[in-house]
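Here chain A shows up in two complexes: once beside chain B, once beside chain C.
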Partner chain A sequence: MSTLHIPATERTPELLFDFAANTFSLKGESYPENIAEFFGEPVGKLKEHLGAQAGQRIAFHFALPYFNSSSAKTIMGLFSLLDQAAEDGNDVLITWTCEEGDDMQEMGEEFAEDLDAAKFELKFLE
Partner chain B sequence: MLASEMFDLRDTLGQQGITFCYSGYMTEGILLGIGNAIKTQMQLGDADAKVTKGVFAVFVEQVQNVIRYSAEKIGNEDSSELRYGILTVGSKDDVPFVACGNMIETKDAERLRDSLTHIKGLDRDGLKALWKETLRGETPEGSKGAGVGFIDIARNARHGIDFDFRKVDDAYVFFTLKALL
Partner chain C sequence: MSYELFTDETEIITQGEAYLEQGAFADPEAAKRYAELLKQYKKLLKNLQRLMKLSDRNEEKLNAMAHVMEEKNKIQEALSANLSKYLSPQIVHSLLTGEKGTDLVTQRKKLTVFFSDIKDFTKTTENMQPEDLSYLLNSYFTEMSKIALHYGATIDKFIGDAMLMFFGDPETRGVREDAEACVRMAVAMQRRMRKLQSTWRFRGYKDPFHMRIGINTGYCNVGNFGSEDRMDYTIIGGEVNLAARLEVQAEPDGILISSDTYALVQDIVEAEERPKLMAKGIEREIIPYAITNIYDEELGCPDLIRSEFKGLRIIADLERVNAEDKGAIIESMEQLLARLREEPAG
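Now for the complex of A and B:
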């Protein structure tokens, strides 16, 4: 599978899924008009891709200064997919970039509470 | 006369601390435009960054609720439709607020009241738990989003939420939700 790149808009994040390198990122504010239209296809491809990985190093980077409640559901789903990939024997690292003390820090930590196998790292913006 | 009428309306809004008011059909374009204006206005007014983000977050959930669920609408879901609501954003006694109102069908009022009464009674940890539970679960029947919008609003409303219902006729009730940040 090749690289999937969707540039950011005012209300959707930059999406960069490099399937060959197993590095994935979402950067920017997320409050799409239609959540399924934006995330449906990329998340479907990711799910398919992760299901076929074994013994790989996989990295997913989130840098979301704001997301709405329907995006939260998608993000929780991504955490769950990544955790499953880790349970299947991959080395999975999720990094979460935000401002220290921001509500987004709390959100990241809350999503991370449910992880059993994937590693989670908080990074603060300078 | 014309200027007096408009000035009086502006004055009425001002007395309630309202800085933004929109009444009409709501669209995603309006959400984007007013949202940017709210952010800019709060930043220029030196509002705390956390409060600004909270106001913006509540505003997005409130407007998306109207766009998706207001019972007062024209057009139809298959082609294009517009749904009507009223939104106010402002600050009273240094407490910012976002209030929104729209028509709902009478049959939905009780479910909505129960759900909001439950949410209003929860503390921070209770809201967090319900938020996660709702995100994990299946989307409730009749919901086009995650069904988690009201919980999200309550989590952002550090000074609480208020809601009210007013009967319009046998079929419709006017519903209002106000978040204090």
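Now for the complex of A and C:
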């Protein structure tokens, strides 16, 4: 599957899904006008891709200073997909970058509470 | 009493866990599937709680930002009000709304320029105490500025005892309308001066101020003049000099306008032609007109009848009608009425 790259806009984050390298990232504010239009295709492809992985090292990097409720629902779905991939025998690392003490730290930690198999790492901006 | 938002959902989970603990499922496979469903339900409830928390937090942030914006608006409004005391309110508004910038850019526009000063100001005030002079000047400028703002003038500057204003920029109602507004303002100012003169005399000032006004309409350069660091929004050009020249020639308590302005306002004023004059930067000969009266409802002209329709304009000042002309006027009016009744409209 070829790499998927969507540059950031005022309302949407930069999306970089490198399927060959198994590295994925979302960077920037996220409050799309149409959540399905922005996330629909990338999340569908990611789901298909992760379902076919076994024994792989997978990394997903989140750096989202702000997101709305629809984006939050999508992010929780991504966490769930990644956790499932880990349960399926992959080495999955989710990194969550935010400012220390920021609301986003708390959100990341809460999302990570549901992870059973994937690893989670908080990174603070300097 | 505490309030739990998710009481019902928690109750469902408690009941579900109780079923499992009590061994309510005879089939172990069914018990396993039920346990999985319960786990998913707990996860979904947690997600819902997170989403609500996020939504509430975002709303709180939005409200805080709106509050900050409101405070900033208040500060900006106060700043704008203060700036409007130093600069013309129209200029301040244009700058704050971004309609005008601070580049050294000028435009050529047809403006009506108003120039005024106080006759023999230096001589009148040389023996005056500074406090008295401040009182007279401040009351004079305050009253004149109020009138100027009422008529929509752009106040360019006060130069000692002189005032420079113009109509037609940054806002214009049309060249004729701008000229009419300027002349109306000038008449209102001179009328206000008469009241001020009475007040000043009553307060013991023997030689109250007498204002002279010059008005001209023509193409001027308007915009930001100066340097990148310090500039003035002002007007320059020969037509501005002509307004100043007319002002010097005006009689005390008088208003002298150029023929260009007169052509635009002749329907609303009564004026007398004065000797021709020349002005620096103006090659043509100037015919000045001294305003003697104005037909204006706001300024008070009770016998004036003024109506304007397409194809017909009526301006009648019955106080000025001569007895010997009455018959001819009535005849003309009757002819007009007859024609209007005969001719089909349009």
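The criterion applied here is as follows: the second predicted complex is superposed on the first by the 126 of 126 C-alpha atoms of A that agree within 3 Å, B and C clash if a C-alpha of one lies under 4 Å from a C-alpha of the other, contacts with A are read in each partner's own complex, and residues count from 1 in each chain.
The rule is simple: a residue touches a chain if its C-beta (ideal position, glycine included) is under 8 Å from a C-beta of that chain, and two chains touch if they have at least 3 such contacts.
For clarity, every value in this text was computed on a predicted model and none was experimentally measured.
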Combined model on chain A: chain C and chain B, fit or clash: clash
Chain B versus chain C as contact partner of A:110, first or second or both or neither: both
Which partner reaches more residues of chain A (counting touched residues only), chain B or chain C: B
Partner chain(s) touched by A:69 [first = chain B, second = chain C, both, neither]: both
Chain C region in steric overlap with chain B, selected from 8-16, 62-70 or 206-214: 62-70
Touching both chain C and chain B, counted on chain A across the two superposed complexes: 68-69, 72-73, 76, 103, 110, 114
Footprint of chain A on chain B - complex, ascending: 28, 32, 36, 49-50, 53-54, 56-57, 60-61, 64, 128, 131-132, 135-136, 139, 145-146, 148-149, 151-152, 156
In the complex with chain A, residue positions of chain C that touch it: 43, 46-47, 50-51, 54-55, 57-58
Residues of chain A touching chain B in the complex: 10-11, 31, 33, 35, 66, 68-70, 72-73, 76, 102-103, 110, 114
Touch list for chain A against partner chain C, complex: 67-69, 72-73, 76, 103, 107, 110-111, 113-114
